[in-house]
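Chain lettering (A, B, C and D) follows the sequence in which the chains are written, and residue indices restart at 1 in each chain.
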């Protein structure tokens, strides 16, 4: 589905290195499990420190891993001089985020020079199988020549 | 701006008690600072454990406090039998979330029997003053008679 | 992708009859081209009466056919007593809506008793082939027992 | 609330001239009623040609006037070389769009060099008074040096 081509052959290293600097992913216990052109996947085990009042994953946690997956999916198709920042996103919570483990899948829908549109989904691994519990649609931006913004 | 009236005189206790059960707010270091009819505010000090790769607050953290502020703003106007869950939200990130301290403000725009529309903003306390760094628009749902969902 | 099953064997007639009452679709020149369980498609020929200032289809026209496609996709899976209304949607405009003809595809992602989440895309038929120029993510609601709301 | 300053003293003429080229606004019967720095208002009388199946204004019509109001609010703060295009928006439909006349208010929340964030609301003039029936949150983009895109 991704419209856009790899411009930096080093994209995987770059995504992994930038992800490692996201201290919040470590705070959540999230890890990168796939870095491909236009697609990134992040795994998150359930943890009782990440819940809302009904013991499901907090919607902000759901959003966090979807946002990183979408942002890094966008970065895989950016040129070496660009850093990535989130412009906006929208999340629909389809079902309570219950499960032992979650995988956030972020995919590029269209990559432009400045803006990249992405879609994401959060899959919950439950006893009965895998269920999509949330979907994201959002916009990522390539930042160039701004102090402190590199990836 | 809130359309809707208080139906549960005990709303403040109920919001505070439910917030205390959101372990993720404790993980973030977020605290409730205002519970009023149709409006809730949550404070969050900056913490290096919550950042993305450029050392700003991760967009997922921004979303987390906005979602809790909007969700609990909705709960202040719900009847005593309802629990609250997020249906969907949209966040625009207006500027990097830099600052020493942040305040998420959630407000009810329209409260219906089942769905409540909310808007939120995240204010960053910076050396030069207060800046709105993100805005949210979303939908909260009143859940009744479902096991495990009470507030 | 649709989670949900047909509850009304008469769903196609019901969608076609309701669509025929949407005078705005006639004003746009839009027609139903597919009504299947969890998926509806609407075709729209280009017309110079529907443009914005750069002679592309206005974003509101793009949204109109996507909203009707998603709303009726949701209705295909609702019970006979429900009418459908749009709660909210989000549209990303990926490229200028240029083309001779457009097809809006609406699909159910998850159908619940009250709320149905949908995704849509607008395909533009251009000289070089078909291009997705916009995507939608939104929420539709089943309305029961409210005067004037039937489908 | 608008962050951003007027860069083109001729902004009102520019908005009015561009609006006049939006043939779709004429098709709807919509007219510009206010062009101020960071804020634009568009009026729309009810018309039976613009309805959905329950005789309310179609959500796509609601979106159309909100999108033009937000886009032109953004244009009031852009430099003379920029054209404006919609990147994305999100609309919550708070109540059925019933009324004799509607006013879409679009406001700039933050104006950047490339992206401008806006919020909008649609007010319905009903017998009992004015009611906000929909809200929008979206992103507009300044386009420079692209053939065919001027405002």
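Methods note: contacts are C-beta pairs under 8 Å (C-beta built on N, C-alpha and C of every residue); 3 or more make two chains touch, one makes a residue touch a chain.
Computed from a predicted model, the values in this text were never measured in an experiment.
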Using C-alpha centroids, which chain lies at the maximum separation from subunit B?
C
The chain pair with the larger count of contacting C-beta pairs, comparing A-D against C-D, is C-D
Averaging only over C-alpha atoms, locate the centres of subunit C and subunit D and give their separation in whole Å.
22
Centroid spacing, where centroids are CA-atom means, of subunit B and subunit D in whole angstrom:
28
Any idea how many Å lie between the Cα centroids of subunit A and subunit D?
32
Two or more other chains in contact with one residue: find those residues in subunit B.
87-88, 90, 92, 117, 139
In the complex with subunit C, residue positions of subunit B that touch it:
87-88, 90, 114-115, 117, 139, 141
Touching subunit B in the complex, subunit A uses residues 18-19, 21-24, 26-27, 48-55, 58-61, 63-65, 67-68, 83, 85-93, 96, 148-149, 151
Quick one: which bits of subunit A touch subunit C in the complex? Just the residue numbers, please.
90, 92, 94-95, 109-110, 117, 119, 132, 135, 137-139
